[in-house]
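Here's the structure, in structure tokens; my notes come after.
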Amino acid sequence: MDVSLVVSNLLNPPVLFFFLGMLAVFVKSDLEIPSPIPKLFSLYLLIAIGFRGGSELVKSGITQDVFLMIGAAILMACVVPLYTFFILRIKLDPYNAAAIAATYGSISAVTFITAGSFLDQVGIASDGYMVAALALMESPAIVVGLILVKVFADNQDGQEFDWGEILRESFFNGSVFLLVGSIIIGILTGEHGEEVLKPFTQGLFYGALTFFLLDMGLVAAQRIQDLQKAGVFLIAFAILIPIFNAGVGIAIAKLIQMPQGNALLFAVLCASASYIAVPAALRLTVPEANPSLYISTALAVTFPFNILVGIPLYLYGINLFWS
Amino acid sequence: MEVVKRIEIMASSVELNKILKALEKSGVPGYTVIRNVAGRSVRGTVSDDFSSLDNVYVIAFCSTEQIDTVIENLNPILNKFGGVCFVSDATQMNVVRCVGS
Amino acid sequence: MDVSLVVSNLLNPPVLFFFLGMLAVFVKSDLEIPSPIPKLFSLYLLIAIGFRGGSELVKSGITQDVFLMIGAAILMACVVPLYTFFILRIKLDPYNAAAIAATYGSISAVTFITAGSFLDQVGIASDGYMVAALALMESPAIVVGLILVKVFADNQDGQEFDWGEILRESFFNGSVFLLVGSIIIGILTGEHGEEVLKPFTQGLFYGALTFFLLDMGLVAAQRIQDLQKAGVFLIAFAILIPIFNAGVGIAIAKLIQMPQGNALLFAVLCASASYIAVPAALRLTVPEANPSLYISTALAVTFPFNILVGIPLYLYGINLFWS
Amino acid sequence: MEVVKRIEIMASSVELNKILKALEKSGVPGYTVIRNVAGRSVRGTVSDDFSSLDNVYVIAFCSTEQIDTVIENLNPILNKFGGVCFVSDATQMNVVRCVGS
Amino acid sequence: MEVVKRIEIMASSVELNKILKALEKSGVPGYTVIRNVAGRSVRGTVSDDFSSLDNVYVIAFCSTEQIDTVIENLNPILNKFGGVCFVSDATQMNVVRCVGS
Amino acid sequence: MDVSLVVSNLLNPPVLFFFLGMLAVFVKSDLEIPSPIPKLFSLYLLIAIGFRGGSELVKSGITQDVFLMIGAAILMACVVPLYTFFILRIKLDPYNAAAIAATYGSISAVTFITAGSFLDQVGIASDGYMVAALALMESPAIVVGLILVKVFADNQDGQEFDWGEILRESFFNGSVFLLVGSIIIGILTGEHGEEVLKPFTQGLFYGALTFFLLDMGLVAAQRIQDLQKAGVFLIAFAILIPIFNAGVGIAIAKLIQMPQGNALLFAVLCASASYIAVPAALRLTVPEANPSLYISTALAVTFPFNILVGIPLYLYGINLFWS
């Protein structure tokens, strides 16, 4: 694997600040980013990425490429939780298996954004419309996960899901709603809107990402102690499945002839797992599953793995295939 | 000074809506909600890192007669989604409000 | 009415984010902007608008136009609560009538800022010194409102107002103080200061407005359920009085020959109602009035009405008169 | 372990200064203030949207003798501006502080 | 409904880690932490301006048997670094959790 | 003393906002910047100043000048608490004397940043690597202060310090850790990193400083009432010792031939006192000392003195010596 890719990835300020955050926890520094500051930056990132994606969707138009990409995105969001569920059933009860499967079927916006900043760094272009895949891949996995629970868990108390609530939690949760809303506003306001918000959505972008990754480093490192409960099986899962999912994503990307930059973003979406929106929805809909399992694997293993190793690794794979 | 019951609930913030609905259904005359609290139970630390998963602390004072209904309504929620509930005694200062209502 | 004006207003990102916030509440999304993030943006907007206003006041100097504008502003701030009080007395007791009258006599800084961004959008110039009117129109209405209470409410408990406290609440409340302070600092530091703070006060301006309006949308929509208590009379009041006040403002603006951009800003100040500073002061000084009446009319009816319909409507009127 | 009274006050944040002055006038040995709490009473929800209008939650522990004075001093404020006050029993852990004072 | 003890601690936020360790050592089944509280004692106002110096408010419910151990463990901390601790009576609602653990 | 220097300093927006904050408290305005907004800006300032310092250290390299400067910084950080301790012992017990000595031996990052903005204003260059002195001077004074307690206080309860905890509190406390981490990241990512974060770390810099100083004004003014407890001796100390320390700093700067801009920054580091990191560490390590003494002198006297009078005064002295 090309060492220069790893180095390029590492010498990105946001990624280094992620490390710094982890280090702060390991050396027991009292550094902290009190809430709701991280929430401010996560709202900002969703607005900025959505709005820019919308503006660029207007420029590119809804071409055949966009359609193919959207199809691929929805396919992967539905299929990933299915096969991961059966892998997880080897060791876990249906509730926890379905919850973790949903987590890995969904995506992490910050991993996506970090991959975008990595592409900037190494000078590979990508299309703004890829943000549509980000928006489309967040929710379906929750619904698939719940169907898995319904089918495979013996419903002791004979309770029915409140599907209205579930669909609302899946498709109208804060992050999905804000991201989709920002995309639409980006489309509606077009070039003029882009102009007006440029210093905000573009100027501050890497700064906000830096701040947010610093906090993610703190949080991920704090979660590491939860990994004892997860055990070796889950930790291996949390590293190997992203690589596998990225591989499937890359194969599909090759099939529908995505350009390399887009292929990396798509692979990263497949490889990443949700640690905000999906866990919040699962707490309410699958209370039988243990949150520390699905949050700590997604946050303390898969997220750092993707940020530090996964992104350059997937690009290395793409470079091999595409050349 | 009227004798009342003090109900304290600590739970995950995702349950807040359900808890408040249960309280209102039970007819409590009011409640106070403190968000962004951190906590730990035998079941593990809930750190206050991601606002969607932190805890809430709800306090409600109600009459001694209402307390059984309140507990009945809270029970299924806390049983299903986790959280704890404590009850203690208090007296209420009588207030004759002139404020707009 | 010119459709293109309405469309221009709507296709402004901040206005669309206001809509998005309202929509989030209607579809029961869990999107929220936790406090004190909205407070951060409201402090920012006051500093930025005040500072820019001060810088531009230095450039323009205190001309006769500025003097006339200031006179008009103070006049409207004192007269509006008087006539609205008597209209409100048709249905309401003196306490609530005076409180609502004070709310409508005062202004909403965010409505003013949104009108400014609308003028940018449609390419009409306005003078930075109009921010002086913003600063001067916030407080007098509170004092007028309290005098109305004193004169018209039978003071059952024979209590006296603590005028020291009232004047402090009116003229030194956080928003007035910060706005006036920023104007003065803008004047004192002049061009050099403007240069130094430019990326902050100008670059981020629309972004902060966007964020703040998103929150305002959430809050306004949450307040809509309070409107039941307000009843049809108050809802009609909250739409018709702004139009009437704007009309009076436009007439005065024509009289003293304000340019069109300034006239719009002045009309918007007349039409808008306070939902932060004045309610906070009224809670302490007229506790007999019901906050949900004066807050929800100002916030859930008048504010959205002005943002969505009022601003282009008033400009349409101005265009008619001025041409 | 000394027997004390626990006073809890929930009120609009605009009243905070007045409440604290009343507590200090009554000679309570200390108090704790939690800001940004949301709440609801029969009189309507106070959402935590605008910091100038949200609620505060004040806790003060005082001696049993002081409690009447405290209530006397709080009464006019809560009557006029709204808010509720509850009293309950507690015991205080004896602390012999070495900390700088 | 089980009889339990309610422990409330108000102290400077720099002590939080030590306090929580003392609680865990004493075997309390859980605790809840509210940060960013302001307060005042006879020793002076602690304003909530700098987050490193503001107060925390910790609530823990434990069994009546544990209370002596808890106080024993808290005593040296509060004596050295300041802070207050109050104990009162409460009852716990029985919860049979199905939630993931 | 050159009046134009004082005026230049005063007409700096951030300094004027500091005044505005103080004024708000004096006129009893309810203006407040709720936590954790000030924390956001203080984290930002540490990241921005550290990152820029690191980028510039790469450009300048570790020259002999840098080495001399670092030596001077560590020397002053160790020596200042020693002599101030003995001065303070005239009136105070060893605990309070050591705590205050540690406070004055350490530094205030915001005073340093304000001095930097003053140099910009008057057009004098300074080297980015001076931020290394900032980072190095924060911690040693804490350790020196604790050694003073150990040697001079009769240890009634025969307790031993937990040196592990003390070193962690000193060298890994949040501000030191973030500042040093940001410097290192600035060094590692070099020019590319600087480019990417420029709009964030440079564009927003003065705005964030403005906001933070507004808050500092509020806080400092609130602390003024604590000064009664401090008494005349401590107030005089809090004004005279900074001047003396700055004098020593200027002499050393002259000796090692620092350019004027760097000399001012160094003098300001010597003159300033810590009101965040050191007090937090002292609360835990010297609980016998009274926080209101060491915080209020550093925050309510020395900080405003340096911001308003000290910075231009020290530059005046430097101009005398260097010309």
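In this document, chain identifiers A, B, C, D, E and F correspond to the written order of the chains, with residue numbering beginning at 1 in each.
In this section, contacts are C-beta pairs under 8 Å (C-beta built on N, C-alpha and C of every residue); 3 or more make two chains touch, one makes a residue touch a chain.
Computed from a predicted structure; not experimentally measured.
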item: Equivalent interface positions on chain B and chain D, same or different at half; value: different
item: Farthest chain relative to chain A (centres taken as mean CA coordinates); value: D
item: Inter-centroid spacing, chain F versus chain A (mean Cα positions, whole Å); value: 41
item: Geometric centre distance via CA averages, chain C-chain B, whole Å; value: 37
item: Separation of chain A from chain D, taking each centre as the mean of its C-alpha atoms, in whole Å; value: 45
item: Chain B: positions in contact with at least two other chains; value: 34-36, 44, 48, 51-52, 80-82, 88-89, 98-99, 101
item: Chain F: positions in contact with at least two other chains; value: 30, 34-36, 39-40, 174, 199, 203-204, 280, 287, 291
item: Residue numbers on chain E that touch chain D, as the complex places them; value: 8, 10, 34, 36-44, 48, 55, 57, 71, 74-75, 78-89
item: Chain B residues touching chain A - in the complex, by the definition given at the top; value: 12, 14-15, 36, 44, 47-54, 80-82
item: In the complex with chain D, residue positions of chain C that touch it; value: 35-36, 38-39, 174, 215, 218-219, 222, 226, 275-277, 279-280, 283-284, 287, 291-292, 295
item: Residues of chain F defined as touching chain A within the complex; value: 35-36, 39-40, 43-44, 47, 51, 168-169, 172-174, 177-178, 181-182, 185, 188-190, 192-193, 196-197, 199-201, 203-204, 280
item: Chain C - residues contacting chain A, complex; value: 11-13, 16-17, 20, 23-24, 27-37, 40, 117, 120-121, 199, 202-204, 206-208, 210-211, 214
